[in-house]
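Each in structure tokens, the structures are laid out below.
Below, chain A partners chain B and then partners chain C, in two separate complexes.
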Partner chain A sequence: MELTTRTTPSDFLLPSIHSAPPFFTEQPAPSTRTLFIDNWSRLILAYARHRRLFTLRVEDAEVAGGDWDEILRNERINRRVLPSYLSSLIAALVANNVAVYEPAKQTRSVLLFWRLPEEWADVLHSWATASGQLNTILTFYEIIDPPVPSPLSGLPIPLLRRAIAVLTRSGRAQIIGVADGEGVRLFAGTK
Partner chain B sequence: MALRRFTIPVDGTIPIPALLYNYEELLASQDNVGIYDGLQKAPNHQSGTIHVSSHRILFVNSRKPTSQSFSLDLVHVTRTNYYAGLFKSSPKVTLYLDGNFVASSNSGNSVEEGFESWVCEVCDHRNSPGLSPATARICALCGVPRSAIPGSPQPQASILSTSLPVSPACLSASPSVSSRSVTPNPTNGDPTSIACTACTFLNHPHLRICEICSTPLPSATGSTGSNSKSASSSRPASPLQQDSVIDPVNILIKLSFRKGGDKAFYNILRRALKAQAWEGRQIGKGPRSGSSSLGVPTPDGGSIPVPLRRSGIDGIMRNVEASAQSMETDLSDAFKDLEALMVKARDLVHLARELSEKLSAPSNNTTKPPSHSGILSPWTSSSSWDSTSSPTSSSMFATTSFVPFAEPEEAKFIRSSLAQLGLQLSNAPVTADMIQDERKWIEELARELAGVLQGSGDEGPGQKSVGIMKERGIVGLDEIWGGWNRARGVALIPPSTFLQTLQHLPSYTSPPIRKRTFHSGLQVLHTPPYTHAAFAARISGNLMISGVQTTSQIAQEENITISLATEMISAVEADGVICRDDASSAIRGGGSGSGSELIWSLNLFQDYIWDGHTFD
Partner chain C sequence: MHRLGGVGLAAFERQQESQRSFATLSSELSKAQVDHLQSQLTQFRTALSHFAKTHRKSIRSDPKFRHAFQQMCSSIGVDTLVGWREGGWWAEMVGMGDWQYELGVQIVDVCVSTREQNGGVIGMGDLVGMVSRLRGVDSGVITEEDVIRSIKTLQPLGAGYEVMDVGGKKMVRSVVKELDEDQGIILAEAEVEGGRIVEEMLVTRRGWMFERARAGLENMVMRDGLCWVDDQDEEHGRAYWVPSAMQWDKSAYSLPI
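The block that comes next holds the complex of A and B.
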């Protein structure tokens, strides 16, 4: 059994542990389990960041052909993550505050925080500063789908809200109701 | 004349047991018997076999069994006479028959009916053949009489008259019931059904109480009324009291015993007549089970029992209950034998021990003194044995005792027999009454258990007791407990004492045998190679060489059961030394569910450092 790293077609470097069959089985022994789940969390978040994926669902392990196939399945060693194991992994992600259930009150789908809301807040603020959009009212749509691609392109609205909430708390943003929904006005900041 | 009137032809080629009814019992048989019809010899029945059962006399003609055999109901016999024989005249038994008997049911048709199965119209119960004509009229399950065959009501009426219960209660009750009877509802289109006086439910004509409210029904309809009357007039309560009306010339049958056997047969016949098995059957049958307790309150305040046929759902339930009860009785009877055997078991074991002592005593005398603080002393046992056995046999044993290890053939046989019985007692089991001190007792038990487990070293010649754990390093506690108690045979050890004993076991065994409790609660005894550390080291080494192994491969290698291997492996897994790979997470094949197997490999990732994708 040779354990080597491998690069996926999407140019993602898989860790060597991903080619070990036991990695795909839920381990009952506590120490081994913690080790494996930690590595899974890291792998999931790294891949999500690489592919700019924001949601992970249990269905991704049930049906092949999704965005997550490159890490949830390993054709070379004929192993895949079972849905039950993925549920456990999702629960571990939520417990580590790197994901939240989205929508709330269910456990089959999560919003991944490969950047924490605080980090997104900084990204948002620096983007607004750099593009000169401070003190203007921006709709959410303008932020997540700007004409010029930005780090915030494709950001899910719930995550954007959390980032804005962080800014609001520090007095750098204000939610404003506009005709077709909600908008936000970003300030220079009073740090 | 009497022969034709009273007998029913049977097919003599059928074996006698098959001809008997369910409750009938064959009492005696005698061959070479001739029949006299009246005072003349019956020309067609001069050589045959006569059988007497509890209900009937059966004659099977030896020449023409098919056509010239007959049966005669004992109920018709009123008196018997015995003639011992003189010179060439054979001994004879004369049967005087009841002159009042109205020949009605010997049409042949009824006999045929008795031997075929039929389905009850009311409850659809399939009644089995083999019942007497009387009982075959009534459904065995619901008690409703077999209904009249359409188109032939006449035979049915006559059959009823013979099959009605002859109990005195019936005869006394039916007039009283009919006296209070009302005429059937004239507006009713169906003249056979009886309207209940209380609830007006139209009951089946054969019912005596209302199926709905259990009110006694008026036995009203013309046909049933005449039936009961004809029964009471034609069938006297006790036929044996009707001696006066017999015409002895015409109505008798003689059995001539050409080749002896007469006396025994006559005695049995007398007994059968006296027992009146048919009467008992009929009385028990009419007001069967609980329904006899029902009484009809008469106007004068008393209560007379009504002979009720069991009917309706109540009757069915009672029938089922009765059969369940009889089954229970049979079962408990069967277990009684077992209990008796258990009482004897102790004696048997005692005997086995004595035998074993006697066998081992001579050889011990010559070979060596008793090695351990034995429960049996060869000297005492041999002396007691001498006192009990005869001098000749003791001298026989004495000669053999001079030749060590040469047991006589008999001794070997006894030994092997005992071994086959599971009573192989090289030494008697330690029991609490032998040793007063509790602690010492436990220690003795531990010593004994060690012998059972590892095989005692000092057993006699010819015996090869292999300890339970001689070949196996790890055995479940239940198996050892069972095996030990089986070896003891008597004074079985309770589990609590067994567990106490285990604490002392390591000091009596070499290599020490210890107890181990797995996470699941499974307890085992094991030798040092099966400790957790030793097993973990071994499994790690194997995995190092082979890479991966399945549970069954490990079990095979360790020569243990798969469930035991699972327990031991999961203990190692809990340490984090190995990790599992469930084949059910395969993309292709591998199967799913419980059919797939776990594949074990070393946990090589304990100090794994992330070597995957990084940012920045």
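The block that comes next holds the complex of A and C.
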């Protein structure tokens, strides 16, 4: 059996290790376990970036038909990531600061940082600058659902908050209460 | 009665005299021989360096030529690596020492960087392929024989690199630990099955007790990292996989970090 790369229907290139049956089992030996978890972390983040997915849940390994089937399952070799393994993978993502439990105080669902909040902050600031929206009040919805699609389209509010928090700390943003919720005013300035 | 050289003190002197001339003659003769030898050596050296200069490129790039060249050298008792170790006009001339040395470094590079994945045992074919890719050369430019030769040059470093024969397939071990007999057998059996191995194979094919098979496999997993575990095996529940025996498409083993 040749272990090869494969392109999924969503046009994502799976690495050859994804064709290896043991890749879908949590390994008992520490060094192998780390090796597999590193590979899974990179795979999860790369796939999330490819499809702009922001949330990963233990449920994604429990029920088929979700957004993550292309990587959590490999029908060709009849293997899948079991919920307990996905739980460990999620914990590793959180431990490596590339994900946070969202909402807090549970461990079955995470918000993925395929871009870190600091990077989203830069994206947000550049977008506001380029589209001439500095110094005006923008609602959160105007940011994540703009009439002209932007790199921020579909960004989850909790992640947007983190990005704004980064800008606030450097004096480049200010949270403002508006009629239908919250808004933000962005300022020019350097990091 | 006539004695050669006569008798008395005069005869003694004469004898000494002739011994001296014999000695002189002998040293002249050997000097001539040495001179002759030296000139021959110089000739040989000139010829060889001429050859080396002319064919340096072929020696480094053409595996067939390199092989023939190395065979020629070993048949006349010249070690192509001596120059690398010390005082070698010879290996320097051909560039063979450098070449072999570079290859050695790249072998170490591949072995160390894949150790986590394979527990320190890599198939010869994989190693040759990965070293070739590292050098950016087509397959076939670097041969198994080149790799084996380079591994020999690594021996003085005491790194424990060794070429093993596992069920007729060559593998390179880069960790300083002896594989015991059972592990050797497990590797050989896994080799036949594209890497997959279950206890039952060892029981039916090798007549092992289940306990022995399990202990051997678990050791490979836990102690040496030479095996991976698959808990979703359709037939046996748990199967073991030996990564060095699996047929990888190495161009994209994993995602870049």
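Operating definition for what follows: the second predicted complex is superposed on the first by the 189 of 191 C-alpha atoms of A that agree within 3 Å, B and C clash if a C-alpha of one lies under 4 Å from a C-alpha of the other, contacts with A are read in each partner's own complex, and residues count from 1 in each chain.
We adopt the following convention: a residue touches a chain if its C-beta (ideal position, glycine included) is under 8 Å from a C-beta of that chain, and two chains touch if they have at least 3 such contacts.
It should be emphasised that the depicted structure is a prediction, and the values quoted were computed from it without experimental measurement.
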Chain C versus chain B on the shared chain A, clash or fit after superposition: clash
Superposed model, chain A: greater residue contact from chain B or chain C: B
Which of chain B and chain C A:Leu111 touches, first, second, both or neither: neither
Which superposed partner A:Arg49 touches (first chain B, second chain C, both, neither): first
Partner chain in contact with A:Thr5 - chain B first, chain C second, else both or neither: both
First, second, both or neither for A:Ile17, with chain B first and chain C second: both
First, second, both or neither for A:Arg73, with chain B first and chain C second: first
Partner chain(s) touched by A:Val81 [first = chain B, second = chain C, both, neither]: first
Colliding stretch - chain C into chain B, listed as 111-119, 129-137 or 147-155: 111-119
Common interface residues of chain A - those touching chain B in one complex and chain C in the other: 1, 3, 5, 13, 15-17, 20-25, 27-29, 31-32, 35, 39, 42-43, 46, 78-80
Chain B - residues contacting chain A, complex: 547-548, 570, 573-576, 579-582, 584-590, 599, 601, 603-606, 608, 610-615
Chain C residues touching chain A - in the complex, by the definition given at the top: 116-117, 194, 196, 221-222, 225, 228-234, 239, 241, 243, 246-257
Residues of chain A touching chain B in the complex: 1, 3, 5, 12-18, 20-32, 35-36, 39, 42-43, 46-47, 49-50, 73, 75, 78-82, 85
List of chain A residues in touch with chain C within their complex: 1-5, 13, 15-17, 20-25, 27-29, 31-32, 34-35, 38-39, 42-43, 46, 78-80
